[in-house]
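So, here come the structures, one by one.
Okay, so chain A shows up in both of these, paired with chain B first and chain C after.
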Partner chain A sequence: MSRLRDFFSERVPVSPETMRELTNEPVPNHLKRWWFALGGTPAYLFIIMIVTGILLACYYQPGPTTAYQSVRYITEEVAFGWYIRSLHKWSATFMVAGVILHQLRVFFTGAYRRPRELNWMIGMGLLVSTLVGGFTGYSLVYEQLSFWGATVASNIADSVPVLGGFLKRMLLAGESYNQHTLSRFFVIHAALMPTLMVLLLVLHIAMVRMHGVTEFRFPDDTSEKRYFNFVPDHLFSEIIVGLLLMIVLSTLAVALPAEMGPMADPLTTPEVIKPEWYFYVSFRWLKLFPATVAVLSMGFIVFLFFLWPLIDGLIRRRWPGSEASMYVGAVTVLTIIALTVWEAVVAH
Partner chain B sequence: MAGKIGSEPDREDRDDKTPGSSAEPSRRDALGMALNTGVALSLGASYGVLGGYAVTYLYPTQRQQKAWLFVSQVSAIASGGQLKFQAPSGAAIAVARIAEGSSAESFIALSSTCPHMGCQVYWESAKQRFFCPCHNGVFNAHGEGIEGPPKGQNLAHYPVKVENGLLFIEVPTESLPTERKRMASAASCGCDKRKLPVLQNEPQCQTEDDHEQA
Partner chain C sequence: MSLRAKQVVIIVLGLAFLGSLLLVQYMEVLRKKQEGGDRATAHVVVPQSSQSCVKCHTEKTPNIVEHWRYSTHSQKGVGCLDCHKADRADADAFDHEGAVIATIVTPKDCSGCHPREFEEFTRSHHSAAGNILASLDNYLAETVEGHRGNFNPHGPTAGRGDITTVNGMASAASGCQQCHGAKVALKGKDGAKITLDDLKPDASGRPTNTAILATVQRTPEGKPIIHESTWPNTGIGRLNLDGSRGSCSACHSRHDFSPRRARQPENCGKCHMGPDHPQEEIYNESKHGIAYRDLVSRMNLDAKTWVLGQDYSAAPTCATCHMSGNVRNGGKVSHDPGERISWTNRPPISKLLDTDQNHRIVNEADPEKRKALTADSWGDKRRRMKDVCSHCHSPDYVSAFYTQYDELVILYNEKFGKPGQSIMDELYKQGLITKTQFDEPVEWTWFYLWHHEGRRARHGASMMAPDYTHWHGMFEVADRWYMHFIPEAREVVKKGRESGKVAQADAATAVIDKIMAKPEHSWFQGGMDAQYDEIRKQMEQRYGSK
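After this line comes the complex of A and B, so read on.
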């Protein structure tokens, strides 16, 4: 046993104290509350996505003549293909939800404030890449909704003044959807976004470690000590969350497995067309305003949220203690919920 | 700080060859600096060139292939009448004669692609309008956008021309496979209906088994 230890300590010359210090950060008590430890959930789901995604990629064939058939093959013929695919799909849904909830927590507790502004921006990068990942993944199936979603998205790019046409052609590999389009979506989905997200996640977590999380103390917290151990206490909580997620995802995979809609038909748009629920907001927005106005305003709102910690900083410099962010946040969330519900309840 | 990893030699123990970093700068140092900077910039430039090539590589150059195709004799369409033309993509294009004259101006062929975000509109005969299901765009019978986001934009017209009393239309000649074309080519070459859709316009036969071997 000690020979083994010697073997490794010679080859990995880091002292056990350093190791302990690096891995076992003190965790503030408020992280015992699920709401505050939500960042771990999308991180965990991300790993599931990578594993199931690599498995899917073993059979998936991009291209308009092959994509749909290969997803059908995965779903109906490969052993446990339906399970792998359903896990991938449900994890994607949960991941989007998890990222949004985590972000809401950070926003409404003001945890993005100085000195953590940069980490909020990294977080916004993660949100956007998660959404891009969800969208491009959905397009890969080459169902009717995948096809028309991708067509609309490329025209959204086209509505950007000056650069739009270039962006659209780069995305589609042509003037319109063609036989090279799906390969691009596949590369974005399975190579570009995951790599980008790994980089962003490393930065994100490094920043959390450097600053520590923002500390809160709740009135009902009567414990004498303010911290607990990451290892093993927090680690065990995360393992429990991981197991719960695995149970929920598997149950959903069995009860509501990923299905196949009708295959893409470039000649007919379905009479009722909806994107995934997390794009209902932007879908409704597009119906409300002319194309360029809708696209630019959406981009501008996302940009404002990207910069929010700086804007909030300016507001609070001028009016110290201002809680303007609460109002801004509440109005934004209510608007998003209202537009989402609106889109959900009507056919058109 | 994690502190020193392993046993690193002290700073003083390092042979400091980087020009410009020693206490008294010399002419040789300046030269060396310039050289190093030049090498670094060249590396940057070569990556820049690679980046430029990458963009060129990714940027599509092939324009959409189009061709003038024969529709019918001008005299075969009465004024006010229309005819369904089957484009190579499989799309049915309504070619209407809107005036007596026999020049190209008397004919219109409306595209069904919505000018808003590219979905396909469909004709609602009860309401005498084209409807786009994507964002509720509405067009009148002449293809003018009257409601929804494409308001003020019109459905595009396919270019038409008349030569020697014959009517021609310019349409794309290549398109994505569709279920309909698939059926059509399956019928025309007599293979299994479940075969894969084919690209381009020529009837090819490819069966499910081909796919699985591929």
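After this line comes the complex of A and C, so read on.
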């Protein structure tokens, strides 16, 4: 055994003490609360997405004549194909929800403030990447709704002044949906976005490690010791959350498996076009305003949130102790919920 | 939570997750099972008596063994010999690898395990489909299209020097008999057909004329040769060597004997289609057929019982209405489709289906005598069909439908069927046309009118297919009547008169004139200018003067 240890010690010249220090940073006491043990959830879901995505890619064939049939083959013929596809779909749904909830938690606890402004921006990048991944993944099935969803999205891109035509061509690999569109979506979904997200996640976690986790002192926490060990205390909590999540995903995959809608028919527009739930808010927004106004205003709002730590900093310098972020956050969340519910309950 | 507690929770949750994977495995097995029609993972039982059959035929004819593996028979231990075994005294029995077997499995063989189905089927009109051998349809195939016997070729066929004779019955063998059923024959040493008429089977199916078996042609291994003009054949009214009628595989196919297949309309469509009885096309046009195509995934076709209202409700198929069980009849399946049919639209004039104790149609016209002879009335049959309808439709709706249907059949019968038959009878009676069928244009015209177009109209109305009722039906009946049948009948009369048959011509003319003077035909000769003007006026009101 010692010979084996010596073998690795020689080839990986990091002392056990250094390793322990690198992997076992003390974390603040508030992380003992279960609600704060959800931080790793999006990352955990991301790993499930990668694993199930690789398995799905073994059978998926992008292309208008092959995509739908290959997904049908995965769903109906491949052993456990339906399960893997359902896990992938539910993980995607949970991941979008998880990233949004994580972002909200950071926003409302002010954890984005100095010196963590850049990490907030990285987080926003992860949120946008997650949404792009969700959109392209949904489109890959080549169902009626996903096809027309992609068509609507390309029209939205086209509404952007000056750059619109270019963005649309970049998205569709041509002036309109064509035989190369799905290949492009597949590359974005299975290569570009995962790579970008891995890079952003590494940066995100590195920044967390460099700055340390933002500490919250709760009134009932009277212990003198303000920190506890990541390993094994917090690691065990994360494993418990991960196992619970896996059981929930597995149950959903069995009870509500991913199904197949009708195959895309470019000649027949469905009576009702609905995107995935996380785009309901933008879909409703588009229906409320002319396309260009809606697209520019949405882009502007996202841009404002991207820069929010800096804007919030300016406000707090001008009005120390200001709680403007609370009001802005509350109005934004209520608006998002209202528009999402509105879109969900109406037929058109 | 302490570290120890967390460890326990992790172990419990880990086990729970592994348990959920067992559920996933169960779902996967269930899915495969559904795909395979409840049979993919079912345990196949090869009975001892059939093990050598399965072993050898897995090499020689692997697909029929594979078909059998997917059958309910295979799960219940019903093997090859259970169906193919024969008594040495049977006409077609032969020794095969240590067993006495017969090639053709007849309904009598199936009756050993399925006596009720055998009894229902034997009394059905399906089992009597072989009666076509003495019908006008078969006269067409055997005489008009072909020839009763062999004849010499018109000329040599390049590359086939062996064609020295023509089988005049080929159209009947490959056409009519594949649906109606052949009279199965063993091949005599002189090439003759040895049928049940020669074998005279007793109640057990064994031939009483055993002497004739010595004249049967056999292979070197002793296997009797079945006459190739009568087999292969799975016609539903096949006349078998053992005296039984029919072929269960006509609907259930061999060797998987699939209930699923028999429940699907395409199965019936093998025979119930085409210009003379397009039931499959009519069904496809109807709302029933449209619903079936859309909702086939919800039809639960693999269900063990397949009871309407219990196992499925998405749409009806042919089997649903005519044969299968439903909630209202306690799930009782019948292998006699005639049990729910109130009109027969097969003959030139539709008849109400009162049947006697022997399940034969009662043709008696006198009401009292008819009532006395009737064991199962057309009203009883209609009530059974209405029970099926009532799973989806209200009583008023069903009654109103039957009123529409009855009125269409009666319209056809009274305006074209009965008058047409009267004219044809008169032409024969007066000797204006020969007794030979199909040698005069008017006979072809009349045949088209009732056998093709008239049936299409009536069948179309019976199963809610408007296009078949009207354009493919009554419209063509009317065209055939006014533009062909009546002119041709008058032409026959004219030629008769010219040939000196004046009195006969007068009698036939009187019949035609009397019919054509009736109010329903008077428009043709008297004109309908007033009605036309009224229609034109209404069109102008609706669409403007142009």
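Basically, the second predicted complex is superposed on the first by the 347 of 348 C-alpha atoms of A that agree within 3 Å, B and C clash if a C-alpha of one lies under 4 Å from a C-alpha of the other, contacts with A are read in each partner's own complex, and residues count from 1 in each chain.
Convention: a residue touches a chain if its C-beta (ideal position, glycine included) is under 8 Å from a C-beta of that chain, and two chains touch if they have at least 3 such contacts.
Bear in mind that the values here come from a model prediction, so they are computed numbers and not experimental data.
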{"item": "Partner chain(s) touched by A:Ile337 [first = chain B, second = chain C, both, neither]", "value": "neither"}
{"item": "Partner chain in contact with A:Met170 - chain B first, chain C second, else both or neither", "value": "first"}
{"item": "Chain B versus chain C as contact partner of A:Ser250, first or second or both or neither", "value": "second"}
{"item": "Chain B versus chain C as contact partner of A:Val198, first or second or both or neither", "value": "neither"}
{"item": "First (chain B), second (chain C), both or neither touched by A:Pro232", "value": "second"}
{"item": "Touching partner for A:Ile240 - first (chain B), second (chain C), both, neither", "value": "second"}
{"item": "Touched partner set for A:Leu286, first chain B, second chain C, both or neither", "value": "first"}
{"item": "Parts of chain C lying in touch with chain A, wherever the complex brings them together", "value": "1, 3, 6-7, 9-10, 13-14, 16-17, 20-21, 23-24, 27-28, 31, 35"}
{"item": "Touch list for chain B against partner chain A, complex", "value": "2-3, 5-6, 58-60, 62-64, 89-91, 116-122, 132-136, 148-149, 151, 174-180, 196-199, 206, 208, 211-212, 214"}
{"item": "Complex contact set, residues of chain A against chain B", "value": "13-14, 18, 21-22, 61, 64-66, 69, 73, 148, 151-152, 154-156, 166, 169-170, 172-180, 263-273, 283, 286-287, 289-291, 294, 348"}
{"item": "Residues of chain A that touch chain C when the two form their complex", "value": "76, 79-80, 82-83, 232-233, 236-237, 239-240, 243-244, 246-247, 250-251, 253-254"}
